[in-house]
Amino acid sequence: MKIIVCVKQVPDTSGKVAVNPDGTLNRASMAAITNPDDLNAVEAALALKEQTGAEVVVVSMGPPPAEGMLREIIARGADRAVLVSGREFGGSDTYATSQILASAISKIGVESEDIVMCGRQAIDGDTAQVGPQIAEKLGLPQVSYAAEIKKDGDTLTIKRMLEDGYMTIKVKTPCLITCIKELNTPRYMSVDGIFECYSKPYEVFDYNTLKDDPLIDPTTIGLKGSPTNILTSFTPPQKGAGMMLEGADKETCEKLAGILAAKHII
Amino acid sequence: MSTFNNTDLAAFKDVWVFCEQRQGVMMPTSYELISEGRKLADELGVELCGLLLGDNVEGLAKELGGYGADKVILCESPLLKEYTTDGYTKVICDVIEEYKPEIMLIGATNIGRDLGPRCAARLHTGLCADCTHLDVDMDIYRDFLRSASTLPEEKIAGLNSAMVLGQKHDVSRDLKMTRPAFGGHLMASIICPRFRPAMATVRPGVMKKAPFDQAKADACQIVKPNFSLTEADMSTQVVEVVKAAKKLVDLIGADVVVSVGRGISKDVQGGIKLAEELAEVLGGVVGGSRATIDSGWLSADHQVGQTGKTVHPKIYVALGISGAIQHKAGMQDSECIIAVNKNETAPIFEIADYGICGDLFKVTPMLIDAIKAAKAAK
Amino acid sequence: MDFHLTREQEMVRKMYREFAETEVKPLAEEIDEEERFPMETVEKMGKLGMMGIYFPKQYGGAGGDVLSYAMCVEELAKVCGTTAVIVSAHTSLCCAPIFEHGTEEQKMKYLPDLLSGKKIGAFGLTEPNAGTDASGQQTTAVLDGDHYVLNGSKCFITNGTVAETFVVFAMTDTKLGNHGISAFIVEKSFPGFSVGKHEKKMGIRGSSTCDLIFEDCIVPKENLLGKEGQGFKIAMMTLDGGRIGIASQALGLGEGAVNEAIKYTQERIQFKKRLSQFQNTQFQLADMHTRMQAAQYLVYAAAMKKQNHEPYSMDAAMAKLFAAEAASDVTRRAVQLFGGYGYTREYPVERMMRDAKITEIYEGTSEVQRMVISSHLGVK
């Protein structure tokens, strides 16, 4: 049994974010982190590995420096990693990305008892599309927003969160699951894992590795294969600063209440 | 798929809205999207069509007309009673291939965001996720950019085409799908120039619901297409659907939101209690920044911000919230923002209408008293 | 000299930092206030390999290096001095002497549980009348057939109440002075062994510090560590390594105080300016950071020498001397920058100042370090 986990390296948008004068993001100014939801997927895979002895394979599409992130995931307990990397893949939107990742996953091989896991969404785009689209391209059943996963033989019972409750869904392997942070708390890397991670198997799949897959075609990958285009990107205007009230005492609060009342806000 | 050529753009027309219902109750976002879809259909001069799937849900169909749908495509089957990815994707893709709409809108609920990408991948078309603004008409779109972006006027005025596969492509009839990216630091307008339908999932609570019109509801036409769906088409099984026992906070519908942030860390329960008291005095609900949800101090339904809910209440009070951009993205359109924070340089003060630099644990009780007094004096 | 960390060292530091911020920092105030040993943290650290960082995997260690161990203590101390010394005393004072001086049987018997954190280790050298003058040992060990009988007591034993494995020193031959001291591996369960009163301390208050009491304590003969009479040498070698741990603790405490002071002075407004806008603040912080950076070079150099099996006794002494004095100075200055708030327990700097003081005292006072350094210089 094998669990293939898709992860993405993203700029950390939780800290200070710099935007270039032309409205694009200054990625160099931001730390690169593993997408948080993806770590929940990794943890779910590692928990299943402990239960079943499954092999955990982590796969990412990105530039060569993403190796560092993949090694860190090996240091958490994954068995091996695959980086999908190539100039031909650049400029892909979610659709094209899904095709490429689906072909990489096919190459790794999805057998009858295997599971593919993804984070719900990445914090750079927040699209939540790549997981379901990989499932469609691989013809796998999908369960998204997983908050609990139980495995019994080839059947997974998954608590799938809704805004106003949840569904309990049964699905058989092979399947694809997208994970949310309520699912678990990702473990840390271990010291032993760190000192071993560079000696574990690591492969790079480039265009030549994947080009024989029917999903891979110059018209289905990269910018040319992306159904969507960016018309324009821009930064929203800052709302002007309001009024800083003097002090922080009873008088200040009364003054504020007075203003709100006078303006009929309260 | 033999007759379905999704690159023959001229063959596609009409605006469709997937109208999500759960347990026979329409999701509020369906009405928002019908209302928004009406505008887009008018800009294109085409019909607006609701797409309703379920079992015994015909009773919900006509009401969609009251918000602007010209017709409703109704697909009923016991197999569609509960949402399943496979069942819904198959039926929706089949009817899309048959009727060929040019635009397909889906509410960006947990179900919409499961369904949308699967359908788009099957139809081989573009999908823009979690949109906060939609336009077709270029003049209206340019006006939107003038108010919502920092782009220079010459760039906005000159915007009428995009380079697509090395060719200049006129975007005047394309759906311009605008969404935040990078936690709200950037906005992007996306088009789907080469394939149809152009698909978008739309963030709940962003689009405004139109007033209900009974006459339009009565005139709404219901279409029941033939479709096939069998158990064999479905690979997942819904064992049960459970509604959250606890009533979830209705942040989106609230007139007043009092949110707490990391600033309550030294006394979490005390801080939440103060926020609840202030919310009660103002007639509102309590929300929280991502930090409070990630720390487990408040449940996820309280989260305001890029990854939480977008709110625009009449009053938004931020207690001990520094105002990280992803928080601001979810509340900066509030009518009146009041911020209390110990740190004078906290970014929240940059967008607050009224700011008090002080300890929320000291200021909030005084503010509660002052507001009570001011209300009593009215 | 290579000032670059390896990719594994960079990664392990990142892990320590996340762990310290998420698991250790939130408890620091509470365990200090309540004088509570953070057992839950030790369990977590054990699972992550942090209780046996630089020992080989064959004994259950994590297969890391000495610098990775020093960085662990440093990162923990940035947020909690108590948690840092738990790791330091366990690793340097108990695991290290067993690993370096133990027989294969002793190593296989004791190290796996220690290095995985299942058991905590401690070190018993100091006695009421043998502090800085460790040669004045009064605890005795008398061979009686297949076992030794130990009598006497130890004091100020870090991890004392929670440890299950102790490296203990006793006189096997009172006539031979230093050469009559021997080292033993003592289990908590050995008959005649007990722990005494818990010390109430100024700092590192979550760390357990207590007396060890030996009343006809039976220690099997095979638990002699090294040979009879090698105890003093083992103790001194152990303390050389221990000094790297304490130097790292001091380093982390000082760096933690600098971090807190940088944050606070950018928030605090006086005279309508942020404190950080005053040149006094800027200069203070520049000096504080510079001292800690210098300390870091000394500590890392000592750790790397130990890793490379080069003589490092003087380096460890210099690192501990400098880092401890720098930490005391820097934490005190941090409290001063915080003003009245710094003196309250609402902010962590007063705790860091209390915690830092001990680093000038234990595992050899600063005066002892100066003795060690000057003797290496041949100054008599």
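Note that the chains take the letters A, B and C in the order they are written out, and that residue 1 is the start of every chain.
Note that in this section a contact is a pair of C-beta atoms (placed from the backbone, for glycine too) under 8 Å apart; a residue touches a chain by one contact, two chains touch by 3 or more.
Predicted model only: the values in this text are computed from it and were never measured.
Averaging C-alpha coordinates per chain and comparing to subunit A, the farthest chain turns out to be C. Central chain assignment: A. Criterion: smallest distance from chain C-alpha mean to the mean of all protein C-alpha atoms. If you tally contacting C-beta pairs for each pair of chains, A-B comes out on top.
Between the Cα centres of subunit A and subunit B there is a gap of 21 Å. Separating the centre of subunit A from that of subunit C, both taken as means of CA atoms, is a distance of 40 Å. One finds 55 Å separating the Cα centroids of subunit B and subunit C. Taken residue by residue, subunit B touches two or more other chains at 344, 357, whereas all remaining positions touch fewer. Partner subunit C is touched in their complex by these residues of subunit A: 68, 71-72, 75, 188-198.
Touching subunit A in their complex are the following residues of subunit C: 7-8, 11-12, 14-15, 18-19, 47-50, 53, 57, 62-64, 68, 72. Those residues of subunit B that touch subunit A in the complex are listed here as 22, 82-83, 85-86, 89, 109-111, 113-114, 116-118, 120-122, 124-130, 145, 148-151, 155, 159, 162, 164-165, 171, 174, 176, 180-195, 235-244, 248, 282, 290, 294, 300-301, 306-307, 314-315, 324-326, 332, 335-338, 340, 344, 349-359, 362-363, 366-367, 369-371, 373-375, 377-378. Listing the residues of subunit A that touch subunit B in their complex gives 11, 13-14, 17, 19, 23-25, 93-95, 98, 123-133, 135-137, 141-145, 157, 160-172, 175, 181-182, 224, 226-239, 241-245, 247-250, 252-254, 256-261, 265-266. Residues of subunit C touching subunit B in their complex: 266-267, 269, 274, 346.
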